[in-house]
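Both of the next two complexes hold subunit A, though its partner changes from subunit B to subunit C.
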Partner chain A sequence: MAVINLKNRQIECKLVYYGPGRSGKTANLEYINKNFSKQVAGKMISIDTEGDRTLFFDFLPIGLGKIRGCDVRVQLYTVPGQVKYRATRELVLRGADGIIFVADSLAVRREKNMMSLKDLHENLKKMGLDIRRIPLSLQYNKRDLENTGLPIMSIEKMEKELNRQLKVQSFPTSALTGEGVGKTLTHTIKLILAHLQKEFKWADGS
Partner chain B sequence: MDLISKIKLDFKEAELYRSQGLLDEAIDKYTAIEALIKANSNIRQRKSLLAKIASRIDELNKKMKRISAPTPPPKVSEDAQTLMKEMFTYDDPEAKGSSSLGGAIALAKFGQYDKAIEELTRLLEYESLRVEAAKNLLSCWIQQNYVEYAVSLFQKWKKTRFFPPEELAIVLGHFQEVLAAAGVTREIAGVELQKTIEPDSEINDEDILDISATKFSLPGGPRKGERVEFEVSFQSGKYIQIIIPKKEKDLINGLNPGNMLKDIIFYSPAAIFSGTGFLSSKKAIEAGPKRGDYSFSIKIIDIKS
Partner chain C sequence: MNKSNVVLKGSLSFINLGEMLQILGGNGSTGILKLTSLYAPHPGYIFLEEGNPVNAENGELQGQEALNTLFGWMDAQFEFSAEPISSQKLIKKNRMELILDGLRMVDDGAVEKLGRASVQKQSNLITEDESDLPLVRGPLIDYIYVVDEEEFANGREIVIQEKYGNWLWVVLKGTVEVIRLMPEGVSRIVRLGEGAFVGSLESIAEKGYMRNATVVAVGRVQLGVLDFVRIYREFVNLSEHLKIILRSLDKRFKQITTFCADALMNHMHMADVKGMKPFITDKFNKEKVFMITSGQVKIVRKEGRQLVELCHLSQGDIVGNIPFLQTSHEPFAAEAYIDDAFEATEIDIAVIKEEYDNLSNTLMNMAQHTATCTSVTTRRVVDIYKKYADE
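Let's turn to the complex of A and B:
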């Protein structure tokens, strides 16, 4: 839930990276932390277990400076993707203003992607939110593995299986090389700000 | 593709899964390669390949076991704890102080029990928060297996009359639930609720129609005096039951056993009549889909028209 302070002209919103275990959510944040140092507004906090699996969440605050007269800050979070951490996912998702769903392009993770999307859908519903209404983008991650001979799903196939009904913007990405990481982030933040504008009319000249 | 190239590519795949922590997938792939090699006796270095695969599978199995073993949640840094708390500062901005309760509960959910207990203990001082704080405090101790301590804490509250009887009953109800969920059978000396003496009803059970809804002024709480309508979920003679969802805190707090509902209206499919009702019990529902909601039973004392 965004905190909007019209008097100080500040907006703080929450963007959550969601997706199955090992799909690259933490890697997204790590890439942003390393490569967008101008925007990074604080220390990245990761709480993980052995083998780098996220246990509770990762957190990275970024600042975008002034946008239409308002100082915009975004808190990035990742959820733990492992199925058994359902309760924690729900907790971290609470109050999200937008979501980036990180799907794994590895063919062996096909079903996990779909299950995780369903889990997102259900968790949002529990909070009285509609997956078709909340600012959302999709990432088809690990595209750097394309053309290596390894079993990677085609974009078309992923689009059909994950995005046929949602019809949101999707991005082929690699959280390792950084391809598409910034693009997904910028696009989703734009969605969030537009959504908040409709609700709160925060921007100048409106 | 010839057999050797296939094995090489399969190996690459298995190694990728292994490096990405996709343990199940890696084991499956290694097992498939193993079967393939075993079925082909003319592969060079067959023995050493099989040995390598076996050791990989073994290593992966061990890792799986380590990861799936239940471990207590680690204590995280102060920064992270502060963050956990602040993640929930938007909880229910209406109710003052509830954000700090939300934060404390979040700490507990993340397994940061020490910090959560510290916060919850502080919140016990606030009248509007103390029941929730107490409930969560007991949960924190039980989750860490300090059953005796939790029981003694509860008994202290009871002995010092820290909570009014109504509230103590709610805390007790929750406590019993938590103990049951943790599989602990432990007698907690029950609480004697101050028994309210119910006024007699003038009417016979047979004379009462089926009642589908009722309406009355709230006898207390922040919305005191407001007329509210409720669906009747169950009726047994002159007792009707209504259920109020947990989020309707104002309504729940405004209704307590002993309340006389002087202007109550009863709706039945055939007629509407007014009368007097007596709120005879209030219970938090402990299980099922309505868990956390409250059920109230109202005794029909008289009917005027």
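Let's turn to the complex of A and C:
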């Protein structure tokens, strides 16, 4: 649910990085904050939550177009993975306009990925959101570990296990080196904007 | 805070504080957000300047520390008044950081949750089945005063000692246990069954009432939430004397509960009546009721060679035989001793009786229940002393 701020003619929307603990959500945001600093508005906020930090900052997508003459401001969040952070998770997820699900390519995290995705599905449902309709992208993160000999899952296997039903765009990434991070972000923001365009058009009947 | 500037109000159980601050933030609002909770003794305040919290107050606390505690107010009501503020800028952090950090502290348990949600805490205070506790049931339930029903699973804490709250319940089904948390452990006082009340007479009279015991569900319990406003209205319109009698009865009940909790921990209150003289006994003044205007009164019970102290009364308390509220204290089962400074005025109990007879069922039941509990707890205290004396 994007908010239209009439004072400064801005549309504020919310993009949430979701995924199991230590899958690289924080690394994604840190990379964006550092390497797209011109598009970052304000400082990055970091809250120490157990297991994962919770990050937040405002991002101004440049060159992706306006909606009805309004600038777009995207609030980027990571969600704390641990079960006990219910209040925090609800606040972050409530009114989310898009989700990037960051999956861990490490073979040992296979089940954690699936559980977290199921969790996302349920948490969205609680807020009246549908995982099949909300703008969503998948990230298969930590591809850089392929060269270290640690057992990681193939893209095909991850596609089959996580994306068979969702059928959304997925990206092999390495949040540490930044590979694929920008692509996932740009793609998902475009999805959000297209989704909002559609909603606004539908709303005024034109 | 100026009432006429209130531009937005509602309940935080619908929109939580995090969302509220985001709305006011996005709007760039300046003014005071006031929170009131039944579970807190005073309101909380958040001062906003152009959408950003710059200060907060919660009792003695100020600044971010105060703000953090307010995130735990789940059931509170809010009121935002748009007005220029002159508050100190004690908070300089980013709005979103404050919100996320506040909620994180709630999730981490670093900030206490206030409200009915907090009540749903599982208690580990009751471990064994101690069915030798006395069970107090109440008279027939007057459903007209029951506005809502609540279910509590086994072991749930319904009220928590030293937490604030004015909710009153009547037990509809099942049993609850009243316990006192002591430095050394838990003193189990009494069990309450159908028709008994959770919440005291004093809590009707006093705003920001602090609970003096914890009440835990034993098995599945169904409670009826009582119409507090209705009971409150009736209570405030009582004559001063009846009000004093009811409050004094409640005080007596609380004291005997404290003595019982102490006795269970082997702290005995042996009565010391040196220099005091008997004032009400089964032979003396036994039909009379007095309101103490000065001095001290001790209600003591003779157990063998020992004198057990049941309560300690002073100015504003009632001493004597109230025929319609039997506490098994003076004049028949205990004696009242007075010191030299004692002065009192006699109360015409016949007039009060007439007023008492016209009370609503619920208020009368509550008064009866308090008297019964006092009597049951007194018996328990006496039993403990007997056992103690034998050993």
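Throughout what follows, the second predicted complex is superposed on the first by the 169 of 206 C-alpha atoms of A that agree within 3 Å, B and C clash if a C-alpha of one lies under 4 Å from a C-alpha of the other, contacts with A are read in each partner's own complex, and residues count from 1 in each chain.
Just so we're on the same page, a residue touches a chain if its C-beta (ideal position, glycine included) is under 8 Å from a C-beta of that chain, and two chains touch if they have at least 3 such contacts.
Since this is a predicted model, take the numbers as computed values, not measurements.
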Quiz item: For A:Ile67, is the partner it touches subunit B (first), subunit C (second), both, or none of the two (neither)?
Solution: neither
Quiz item: Should A:Arg53 be classified as contacting the first partner (subunit B), the second (subunit C), both, or neither?
Solution: first
Practice problem: Please name the chain, subunit B or subunit C, that touches the greater number of residues in subunit A. | Solution: B
Practice problem: For A:Arg86, decide between first (touching subunit B), second (touching subunit C), both and neither. | Solution: second
Quiz item: Where does A:Arg94 make contact in the superposed view: on subunit B (first), on subunit C (second), on both, or on neither?
Solution: both
Quiz item: Who does A:Arg109 touch here: subunit B (first), subunit C (second), both, or neither?
Solution: first
Exercise. With the two complexes superposed on chain A, say which partner A:Asn5 touches: subunit B (first), subunit C (second), both, or neither.
Key: second
Practice problem: State whether A:Lys43 touches subunit B only (first), subunit C only (second), both chains, or neither. | Solution: both
Practice problem: Take the contacts of subunit A with subunit B and those with subunit C, and give the residues found in both. | Solution: 3, 43, 45, 47, 49-50, 56, 87-88, 91-92, 94
Quiz prompt | subunit A contact footprint on subunit C (complex, rising order) | solution = 16, 18-19, 26-28, 71, 94, 96-97, 99-101, 103-104, 106-108
Quiz prompt | subunit A to subunit B touching residues, read off their complex | solution = 1, 3, 22, 43, 45, 47, 49-53, 55-56, 59, 87-88, 91-92, 94-95, 106, 108-109, 145, 148-151
Self-check item: Complex interface listing, subunit A residues touching subunit C
Solution: 3, 5, 7, 12, 42-43, 45, 47-50, 54, 56, 80, 84-88, 91-92, 94
Quiz item: If you look only at subunit B, which of its residues touch subunit A in the complex?
Solution: 9, 12-13, 16-17, 20-22, 25, 63, 66-67, 71, 73-74, 76-77, 79-80, 83-84, 87-88, 90, 106, 109-110
